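In the two complexes that follow, subunit A is the common piece, with subunit B as its partner first and subunit C second.
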Partner chain A sequence: MKAEDVKTLVERILEGMIRGVEIRKGYVEVVVDLENVVEAARRLKEAGFDHVKSVTAVDYPKESKIRVTYHVSSYLNEELARVIVGLSVDLPRDNPVMESLTGIWRSAEFQEREVYEFFGVTFRGHPDLRPLLLIPELAEKRVLRKDFVVREESIYEGVPHRYE
Partner chain B sequence: MRESHTGTSSGEGWKLPGMMVRRVEREVYEIFIGPQHPGSGHMRIIVRLDGDVIVEADPDIGYVHRTMEKLSEVREWLKPIPLLERMTIIDACNITVPYVNALEKLMDKSPPPRASYLRVLLCEINRVASHLYGFGIFGVFLGHSTMYMWAFGDREVFVELAEVLTGARLTHTYPIPGGVRRDMPQDFPEMARRAVRYMRRRLEEYRKIFLDNPVIVRRLEGVGVIPRNLAAELGIVGPNVRASGIKYDVRLVEPYEVYDELDFEVPVFEEGDALARTWVRVEEIKQSLNIIEQAVDWLERHKGEPVIPKEDFDKLPKLHKEVYEKTGRVKLLPAHASMKIPAGKAIARGEMGRGEIVYYVESDGGTTPYRVRVVTPSARNAVIFKYIVPGHRLMDLPAIYGSIDYFPPESDR
Partner chain C sequence: MSNVDRVYVGNLNVAARRAREILLGKLKLGDVVDWATTFSLWPVHLMTSCCGAEFAATWSPRFDAEQYGALPWVGPRQTNLIIIEGTVTRKMACALRITYEQMPYPKFVIAMGACALDGGLFYNSYNIVRPWEVVPVDVFIPGCPPPPEAVARAIVELRRKIREKKVASKWLIEGWRPDREPVKPKEDVCSWWRP
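And then the complex of A and B:
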């Protein structure tokens, strides 16, 4: 299936709720409004996109938004297995809350937990929303947001000049 | 459990080394397995038991999280390559090829065929080594120390092959955008063919001592069954999903590099149990050996072809060109390290030994990635602990853990 065909297919599946479709390198990204995201996910699942490959969040501080993308594909449908569709939704950066899609795609469960701890996105209705990889104190800092800056430490940082 | 089981004559609590037991409620016990190395690396599984039947399992991962995604954002485009391969040093080429592919997609650059064949060659050497590593760990889990010794010993054959090809046993940092860092040495094809012949013979011996061993079969058959639909629902990857009857291999569904020119099969089993997962790995090693032979044949037939694009070669100063022509080594220029990549978003996927790896790479046109998202096979397989383990007896947990070839450093990133 060519990227153009995937675009047409997605436009047909998500008719009436698309804010933008774009052919990216290696996948087709479709942006929907926040209130439509559950319905869009349900329709994609029904069309045969049966699992989530990656729940990807990207922080855009200049536009004051966090974009969460569900990269979905298929195992059971051999034709759809060849393509990846990114279902995207933009969340306000100061209060990023969205409905969890774990109820639709079980494979999103652990990755939503990851987005929660690294970006502070809250997924309403998630069965078990707590940090996955980080300790809670570190998760508080939302470390993958752009305003968390990795500072380089020198080798001797914190070492006193003289030992008393 | 009765009182006599929970106390010893000295009055202290009943303890096993490495295990913490506390009474949660009547008849249900909570056991913390790990995080100190239950077999393959640091992770913890919190299991709740009724008698010795697991009623709930919670994989508590993240003990070896190394901030790969964040660090990739603060270093130039090339530098994440040696960083990312630290997730799975045994599978270093497989884990970096999709990242390099993503960069190549953004740059609209493609490697010359010889470079692609060299990448595939190293990927398959890595895949065999990765499966053998998995077998070794599996042997430890099941108390089969011969399997552990054999697999780790035979893995050395392939680690040495990789060393001859790239100069490093593990973490080769071999692919770079547009090509590879080193051409194949003259005597490599003969070495590779010998290793392939050796491994084919050994697999037959593995079957006798391990796969057809009645003790092993009894411990694996019908254990940890993942039905086909559930496998798709959980989104698990690699040999685990192929053991459940789903024919999904990135090399097949979206061939990258030169996999569409090579002749190989994707083994699929229907049973979905631990034994089927083990057999998939054995069959995959056989296929990888076939691919290694085809790749070295092709490389021998096409001697002297370039391993980096012409436009990159033309930019090299005289000395670098001489080194490249004499020894086959590509010496990179500083300009390579500080290159800019056109703005855009790309996804690239690849098939590692343990399964599918997905990279999402976003560029804003600068000298560092804007965002790198990596989802490794073990990260997607971790969910098996939560949904497949409950209902089994505690003694089945090591068998399931070993059969899914879960690798914590890869999962935690």
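And then the complex of A and C:
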């Protein structure tokens, strides 16, 4: 099954809740609304996407949003296993709270903890929401957000490092 | 003991002559301790980063660091040498300090790679510590990663240091090694750990 076919499949099973679909080679990204994300995940699970490969987040400080992406794929369905589907949801940057998808995909548990400690996204209903890799003092600084500035190399010092 | 720095690799004739000298009482007991320590450096395998690949190649048949009397061992309570193989993150610093404190003395530390010297690639990371702030380091090996020859050289350098300065025997007599101050971590490296 090619990525185009998976795109039409995803558009059919997520009808009415898609805000945007993007297709790159072997990868389909779907953006859904915040209130529909649990229902969308449940429908994708029923369609055969049985595990989460990674959970990640992107910080957009200019647009004041954080986009959380679940990369899902399939082990059991060989046709679906050739394509990765990214289920994305946009959260407000000042209060990023969303429902945890751990109840649907159990493999998202540790990776949601990583998103929690690096970006400060709170997952409601997560069974064990603690920092995973960082110590707690560092996790409160939200170190992978764009406004956490680290010391740069000397050749780059003086270059303005500012976000509007 | 005039010819103190003559023997660094195993030589059966020299070892037999030394054993005869020891048995005839020409050597003091402290010299025996230093001599024995140099030939039984057992590094604990604390692999923190990619330098562990070079560490493994050092004990492979091609480079054969076992000829210096060193063999990696798994349990820290049976070892006397840590080779810090690369980056030490904040959580790993706790494990490093606990491992160091579990080892019986005399014990030694070799810091391997640019990350263990001053951060290396991760010099501005928020999540690393310098290992010399956590444990006392004897030999630094520069390189990213250091070749297996450099690791073998560091072991030879450490053996020379032990025998020339008589570190091991004085450590046993005085309770702490005479040539340096003890290193205590400035902050509690295990503060995140609540059992």
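By definition in this document, the second predicted complex is superposed on the first by the 149 of 164 C-alpha atoms of A that agree within 3 Å, B and C clash if a C-alpha of one lies under 4 Å from a C-alpha of the other, contacts with A are read in each partner's own complex, and residues count from 1 in each chain.
In this section, contacts are C-beta pairs under 8 Å (C-beta built on N, C-alpha and C of every residue); 3 or more make two chains touch, one makes a residue touch a chain.
Bear in mind the structure is a predicted one, so any value in this text is a computation, not a measurement.
Visitor: Taking the superposition as given, does A:34 touch the first partner, subunit B, the second, subunit C, both, or neither?
Guide: Neither partner.
Visitor: Taking the superposition as given, does A:52 touch the first partner, subunit B, the second, subunit C, both, or neither?
Guide: Touch partner of A:52: subunit B, not subunit C.
Visitor: Could you let me know whether more residues of subunit A are touched by subunit B or by subunit C?
Guide: B
Visitor: Looking at the overlay, does A:76 come into contact with subunit B only (first), subunit C only (second), both, or neither?
Guide: first
Visitor: State whether A:133 touches subunit B only (first), subunit C only (second), both chains, or neither.
Guide: A:133: touches subunit B and subunit C.
Visitor: For A:143, using the defined touch cut-off, is the partner it touches subunit B, subunit C, both, or neither? Pick first, second, both or neither.
Guide: Both partners, subunit B and subunit C.
Visitor: Pick one for A:111: touches subunit B only (first), subunit C only (second), both, or neither.
Guide: first
Visitor: Do subunit B and subunit C touch any of the same residues on subunit A, and if so, which?
Guide: 133-135, 143, 148, 150
Visitor: Can you name the residues of subunit B that touch subunit A in the complex?
Guide: 61-62, 65, 67, 69-71, 74, 102, 105-106, 228-229, 231-235, 241, 246-248, 253-254, 344-349, 356, 358, 360, 362, 370-371, 373, 375, 379-380, 382-383, 387, 412-413
Visitor: Give every residue of subunit A touching subunit B within the complex, in rising order.
Guide: Touch list, subunit A to subunit B: 24-27, 29, 50-54, 56, 58-59, 69, 71, 75-76, 78, 81-82, 84, 86, 105-107, 109-111, 118, 131-135, 143-144, 148, 150.
Visitor: Once bound in the complex, which stretches of subunit A touch subunit C?
Guide: The touching residues are 133-138, 141, 143, 148, 150-153.
Visitor: Per the contact definition, I'd like the list of subunit C residues that touch subunit A in the complex.
Guide: Answer in residue numbers: 90-91, 124-127, 191-192.
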